[in-house]
Each structure stands twice: as C-alpha cells, then as structure tokens.
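Here's the structure we're looking at; comments come further down.
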Amino acid sequence: MKKIINNPADVWEEMLRGLSFTHSDLVERLGETGVIYRKYEGKGKVGLVSGGGSGHEPSHAGFVGKGMLSAAVCGEVFTSPTPDQVFEAIKKADQGAGVLLIIKNYTGDVMNFEMAMEMAEMEDIKVEKVIVNDDIAVEDSTYTAGRRGVAGTVLVHKILGAAAEAGFSLEEIKALGEKVIDNIKTVGVAISPATVPAVGKPGFELADDEMEYGIGIHGEPGYRREKIKSSKEIAEELVSRLKEELNWKKGDRYGVFVNGLGGTPLMELYIFMNDVQEILSKEGLVFDYKKVASYMTSIEMAGLSLTLIKLEDEKWVEYLNQPVETAAWV
Amino acid sequence: MKKIINNPADVWEEMLRGLSFTHSDLVERLGETGVIYRKYEGKGKVGLVSGGGSGHEPSHAGFVGKGMLSAAVCGEVFTSPTPDQVFEAIKKADQGAGVLLIIKNYTGDVMNFEMAMEMAEMEDIKVEKVIVNDDIAVEDSTYTAGRRGVAGTVLVHKILGAAAEAGFSLEEIKALGEKVIDNIKTVGVAISPATVPAVGKPGFELADDEMEYGIGIHGEPGYRREKIKSSKEIAEELVSRLKEELNWKKGDRYGVFVNGLGGTPLMELYIFMNDVQEILSKEGLVFDYKKVASYMTSIEMAGLSLTLIKLEDEKWVEYLNQPVETAAWV
Amino acid sequence: MMLTVENTNAWLLSFADKLIENKEYLTDLDTAIGDGDHGNNMARGAKMIKDKLNSQDFSSVQDIFKAVAMALLSSVGGAAGPLYGSAFMGMAKQVATDDNSVDAVIKAGLESVQKRGKAVPGEKTMVDVWVPAVKALEEGKLSKDAIWEAVKSTKDMKATKGRASYLGDRSIGHIDPGATSSGYFFETLLDSNILD
Amino acid sequence: MMLTVENTNAWLLSFADKLIENKEYLTDLDTAIGDGDHGNNMARGAKMIKDKLNSQDFSSVQDIFKAVAMALLSSVGGAAGPLYGSAFMGMAKQVATDDNSVDAVIKAGLESVQKRGKAVPGEKTMVDVWVPAVKALEEGKLSKDAIWEAVKSTKDMKATKGRASYLGDRSIGHIDPGATSSGYFFETLLDSNILD
C-alpha cells in the first residue's frame, strides 16, 4: 500500500479535519462526528441529507452547500455511517420544512439511514427518503440486495438541490427524486483496484492486462472480466448495456456524465467522453447536459463510469446548470 | 501501460475533442489546433493566454473562461505547443487591449511562446509575458534552465484573470503578475510515475517503498529519493523547504494550495492538508486562502505538491475568491 | 440458564475480545465476498463495548444490553452495525419481561435482526447462525460444534442478501463474515457458563 | 560544395527518414535525462518535412529551407521545435546571400540556434554537435567519425541548459538527445554528397 497518509486508523478523522479546514468558508463539521453541514442553510427550505462510507471523495461532503446538500454524513472508509450521526445531520438540516434523505442502495446505508429516520420521527421531524440505484451492472432481482447507488447519485443531489433551493415541498422533492432516479442509469469499468487504508491490500486483483466491467464503487465484483480494450470498445460495451435499459429512440434528450473513479486522469476521461459522444451521436441522441469529473470515486481505483440521464423534463437541465456554492461541483 | 485510450498517437486529438464537446457551453476549439478559447470574451479587456504541453489537465484549458484565461494552447503530451498555435491564441485573445502570456518556465515553452510574441508584434498586437517559476526544487542558478513553473501557475491565472476582468491595463497586469509570481513557491513529491501514452513506459521508476521529493510535473528528477514517509513527515519536509525560501514570520498572511498530481485521491490530499495546516498554525501563519484540488497534474502520477502564496496585498484574496465560469475552477 | 449482570458482562467482554483478536480474519472473509471492512467495523464496535462496560457499573442486564446496543449502533456502521445494534435492542426489551430466559432473550435478538434485515435462513448471512443457534438453545443443546457447523454451512450458500449478493454464484465457496462474527457471539455465550 | 534544389531535397528527406527510424532511440535518450518526447517530436516534424517536400516542387534552396523551417516550427514543439526551426530560418536567409557555400549556410543555422537557445559549447545540447561540425566543415574535414564523436562527447558533460539541466550531475553519463538528432542532420548531409 503506497499512500500519503499517517496511521491508517486515523484516515477518517484526519481527512475530515483537512476537509473542514479547507472548506471552512462553506461548511462546518459537527463536533467530532462525520457530519459536514452547510454554514448558511436557507431558512424554511427542505433539507437534503446524503452520505455513506468515505472513500468516494468529493462525494458527499464536496456537494454540501448552497444549491445542493444541506449535510453529508461521512462514515468510515467504505462503511455506512451510524444512525446517530445520520440523525444529527437530519437535525442540522431541518429548517422546519422537513428533510429528504438521499441514500445509495446498499444494505448498510439503507438500514443505518432508516434507523436515523425512525429516531427523527420520534422527535417529530418530517423525514422522507429516496434510494438511488443507478448501477445497472447488478441484476435487479430478489436474489440480490438490488442495484447499487453509484455516480448517478451526484446528479440526484444536483437536481434535488436546485429544487430545494427553489422552495419545493418535501413531498414534491421526494416525488421529483423518484422520477429522476428512474431515469438515471450508470455502468462502470475498473482497470486497477483501490486499497482501503485500514485493510492494507487491494480489494480485488486484476492482472496487468485485465479490466472488469460493472465493478462497484467499493470494489464489488462486476459482470465480466476480460483483457483490457480500447476506449472505443469500452464505450461501445457500456453504451450497449445502457441502451438495453433505457431503450432510447432518435431525438431523445439526454445528459451524459463520465465519472472518474479516483486514479484515472482527466486525459482518459475526455478521450472516453469523445468515444461515447461519437457512438451516441450516431444513435441520434440530443445532449442537453455534459459532465466529465471524478465525483464518485473509489479511493485510488483506476477506471470510470458512464451515467446517462434521460431528461424527461427540460427543467432538469436548468437544475443541473444552476450555479451552486460547494467545494466540488463546477 | 494500462490506460483507457485508443491509439496512443491519437491521444491529443481525441482528448481535445472530448474536452471541447464536454465544455461547449464555455469554450471552443480553434479548428484543428490545440487552441481552446473563451466563447464569450469580454470586449476591451486584456487577453490572457497560457498553455504548455498536455498531460496536466485540467491545466490549462480547464481554466479558460470568464474570470480566468482567454485561451489556452495545448501542446502534445508533455511537449510545448508550437509558435503558430500560440500566435493563433494571441489573435483570438486580443480585444485591442493587448495580451499577456503566462508561461511556465521551461526552455521549450519559453522559446515557443517568445517566437509567437515576435509573430504577434509583427502584426502590431501588443503582447507581454510573465514567466512562472515557482518550483523551488530546482536550484535557481546559471547552471540550470531556472526554476520550473508548476502548480502555482494556476493561482497566477486566477489572480490575473480577476484583474483582467476588472479592467486592468496590460502593463498593470504584467506588473501584478510579476509581483504575484515572486510570492508563490511550490514543492512537490511523487510516489509513482506517469506514462506518456506515446512512450508507453513510465518516465522514471520508483521502488514499491520509495518516493521522490521535488519531482517535476513532467517527471523531471527531484532533489531526493527516499523510503516513503508518513504524510506528516512529508509535510514537515516540504514546509521546511518552503520556509527557507519565504522566511515568514508570525502573523504573515498566506494562501495554501495542496495540488494532486493526477493519480492521488482527495482522501490523501485532505490528510496532507491537515498536516500542513497543523505545522503552519504552529508557525503562527494566518490562512486567508485554502485550496485542495488536482489542478496541475502529471497524467496519472501519484503524489502532490504544496504551494504557498504570501498574500502581500489583501486584494489578492479577493481575486482568488472571485467567482469564475470555467470548466475546472471551483 | 440465567443472565446476571456479572455473567452478561463477562460474556460480552469476551465477545468483544474475540472480535478484536479475529479482526484480520473477519477482514479477509469480507474482502473475499464483500468490501473488506467487517473486521474493522466489529473491532471498532468491540472497543466501544469494552470502554462502556469497563467504565460503568450496571444495575441490570437490560442496561448492559442497552449500552452495548448503543455502543454498536454508534460505532460499527455498515450492515453489521444496525443488525447487531437491533439484536441487542431486542434483547434489552425481552430481558425486562417475564420471559427472560436466555433462549427467549436471544430469540428476541434474532427477531430484531430479521425485522431489520429481512433475511431468512439460506441467504448466507448472520441469520444462518442465529436461527440454528436459537433452535439449539431452545432444545438445550447448543455446542461449539453446532455453532461452527452453522458458520461453515454458509460456505456453500449463494448470497442473496447484503453486499455478497452482488457476487451471485461467485459467493459460493466462501464463509460469510457476519456469520463468523455471530459464531463468536454464541461461542463466548457458551464459554461464559451462562447456560450451565 | 554546392546546395541545389535536388541535393538539398534528397538530404532533408533522408534526414527525415533517419529521425523516423530512430524515434525510439531518441525517446530513450530523452527519457533518461528529459521528458521522453524528443523521439516523437522529431518524428512528427520529420513526417511534416516529408509531406511538404514530397507534395511540392521547389524552385530554390531557400524555399526548401523555409518550408522545412515552417514544417518544424509548426509541428515539433518542445525545445527542439523552435531550435531546429530557427536553424532552418537562418539557413534560408543565408542561402539567398552571396556567401551561400554549405559551410556559411550551416554556420548561419548554428548562429540562429544559439541566438534562440543561448547555449554555448559544453552545456550538453545540440550546440555541442553543431559547433565542431561547422568547424570541420570550414576546414573541409567533416566525417562521420567526427560527428559521432561530437555526439558522444555530450555523454560526459553536465547539462546546464534545457530540461536535462534539472538533473545536475546526474545528467552525466547520458548522451544528449538533441545532440543525437543533430548527428543525423550532419550524417545525412555527408551521405547526400553535397560536400563532394
């Protein structure tokens, strides 16, 4: 394990300190917890709380601020945060109009956030949730924990963040969230693994010439491992998977988001975006929104994911483009 | 070499296509060149042109836009762009008030940009230059090509970009640039190398437990290679080097910028920032500006650099904080 | 078969020690079919259990269970945190009722686990240890062999709950980490002589 | 010792071929003490030279030199681009004067390289090949041995100009890439029989 860290056991604490020091103009850390909340929350608006294990930086704390999240709960690396901390975040986020939890679909996240909801309800805070499950690499069946929440989550933060800022009610935001989530699909590929500092060795292994399609952002297994392919071939594979899900037709309006997994340089992400754009242009899709960024990472994993959002409503484009004040969203 | 690319010879072209597709709301690519320019340049303001070899993304094209650069010239990977392309960028950037070139101090960059200046002068365009040489890893003597320009360059873009937007004259911006550059010092460390796609093998080699202090952003050698140290120890080394240069005293106002080299996740950058902040707080410095981002990368190199800027003028803080419309600056 | 402040305390302290001792083994199991954090998660929880139990005198078994539940809930995270947390919550409630025998209490823990996690036997989770263990308890024949056989039985199962379910058939052939940490729960219960 | 459209054309085409053939070697040399792009830079320039020379008929040596200068300036980049570009610019100017002997023309090229790059002999650059080569030309005794000896002489030098200067003493022991590509420049000049 080659990392610029101190004691692996201190990664979470030191990262939170560095993060809250760096972004002290925008956010604050709640005591010794993993809760990062907006310094200036809009009065009377619905609060948005998200979070999950750490190791996906800038998700989720990098998206806390005006126009996006009210608070993020940062668990230990790759470990869902605990209910008491989620509950603290809910209390911070609540401005009287209620709080929506944006949960990535992992057993642990769902259970911890749900327990926090129960705690909040006992204190008469209105709380609702949406569960993001954009990762089509996983079969959506009763034989799995369901599809995972991955990079598409950030688009949910962005769209719902703009809606919350615009004064939507809790019910409206939840309904919007569910509709948006239905229209977001993601699939990824990894060419090298990540190492959880406290574990000290990579979460999986890939030979020098291997890659894996459909990998999860905690290194969960994907759907196929093969010899590394060209960017164009990878783009064709991922697009064809997404097409099976989204069944687009010519002229459909889409947003495209190429997300880096942490160790992949922008150079590769742009090259991949170019291939995706060529393929999708041939399909006759119209691009109303485009994004290349490493927003939902897996520590230093090399690889990327491709997210498509079907822009059912042109308002969504407006929400995606709305300026925000956060540490990470550009 | 494990990368998500197609033919290595096409990296430059495909990256530029992906980049200009992705950011078509902000910038445009000039024909088949490596020139990326602002779609909406402010009339009558001084133009700012920077650039250099590619492989440092988001530098420099990611900083083109309102409040920062007028145009960036992207050379082949790690290769200065050619004078004719720099000249094209100058012509695009010129709005009648002249153009300032922000050049990183490398023999090739300086010569190519200077030849472009000569071309522009022949066409009666007012052009001036500043040369950024913030990398203190190199001895500043007649026995070297002088200190290299590295991550501090982005702060120069930001400050001068705000000044240009505020209507400064060419002479004023050049003078400000020189003053700012005098107050910016950077030093870096690498824990793993980058591979230029067309070369196919790493630019240098580091053992599994080795790191190198003072590495350049093209893999140029640093000043010391040793067994990998903790983040805290690395921070102590880099800060002590910077202190020799900056000779600060208690109460001095500083900006701190921790820059990732491409393959290093935010997790490590924040941990490192926490260590830097602890050391510098003990030194009694006041932090008026803080930034953690991978802005001046070296393809997928793992490592980071630490930039300190002595904030001689409180205006500079204002300029650093001024909102901009670019692909990469947050 | 009586839970007392003393024996409960001793039991849970040795459960915590077992978790800390076997941190790396649990990590390895979770690396194979999960995300590699179960060892650290449970060790963090175990440290918290020890801190709480060692720093305070408890006047009832219920208070111990409550304290342990809160310790786990507020420190473990992941899937295991809410599941073990819920188990101890359920046990805390049950132990305050008339039916406070060990088997009734543990059974209440299992019910809470299942209510929270919705898993049934055969899905390759901790439930595959709890269900046969509760049954053996009720029949008065809980043994180490029985416990570890239940743990090992998860090896041939295909996971359909939790993170390991993403592996589908590839989850077969690996022992479940949560089942293993539950093995320590029951093993230390046996060792604590509570059942004698 | 006369430059004609024909022999100049042939010379520079074979210079370009040599650069393309030795792309990897130049890359390796530049990886050792630079940033590894000299091979690709010069090969890109060489392709451009070939494209220009093959697609057009030139009526004067000056036009050839100008075309090659522009080809290199607009395609090579790095340090080598402006240096070789300036060299050919200087040569183009000189060849149109009365003193258009090969040695005077090449000497003008060297002067432009030094004006642009400010390097003097001993700094481990292409200048360390050009200076002795020009001298040998003037004395009528340029030979392959002399050229490659000059190239090799850069091995023991410490770089004080260009990217290799960052290495300080560690640059010693490696042949300079730009000196090597300049070696091809002079070698193909010899082979072209221009000097006969």
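Descriptive notes on the structure:
We just call them A, B, C and D in the order they show up, numbering each chain from 1.
Everything that follows uses one rule, which is that contacts are C-beta pairs under 8 Å (C-beta built on N, C-alpha and C of every residue); 3 or more make two chains touch, one makes a residue touch a chain.
Note that this is a predicted model, so its numbers are computed, not measured.
Annotation: 29 Å between the Cα-based centres of chain A and chain B. If each chain is reduced to the centroid of its CA atoms, chain B and chain C end up 53 Å from each other. Centre to centre, using the average C-alpha position, chain B and chain D are separated by 31 Å.
Counting only residues that touch two or more partner chains, chain C has none.
With touch defined as above, residues shared between interfaces to two or more other chains in chain B number as follows: 77. Judged by the touch criterion defined above, the protein chains link up one after another in an open path, with no loop closing it. Screening every pair of chains for touch gives A-B, A-C, B-D. Taken in their complex, chain C has these residues touching chain A: 27, 31, 34-37, 40-41, 44, 73-83, 85-86, 116-117, 158, 160-163, 165-168, 170.
Residues 53, 75-85, 106-108, 111-112, 114-115, 138-139, 142-145, 148, 196, 198-199, 201, 203, 216, 218-221 of chain B are the ones touching chain D in the complex.
Residue ranges on chain A touching chain B, taken from their complex, read 2-6, 11, 14-19, 21-24, 54-55, 57-58, 62, 77, 189, 191-192, 208-209, 228, 230-232, 234, 258, 262-275, 277, 290-292, 297, 299-300, 302-304, 323, 326-330.
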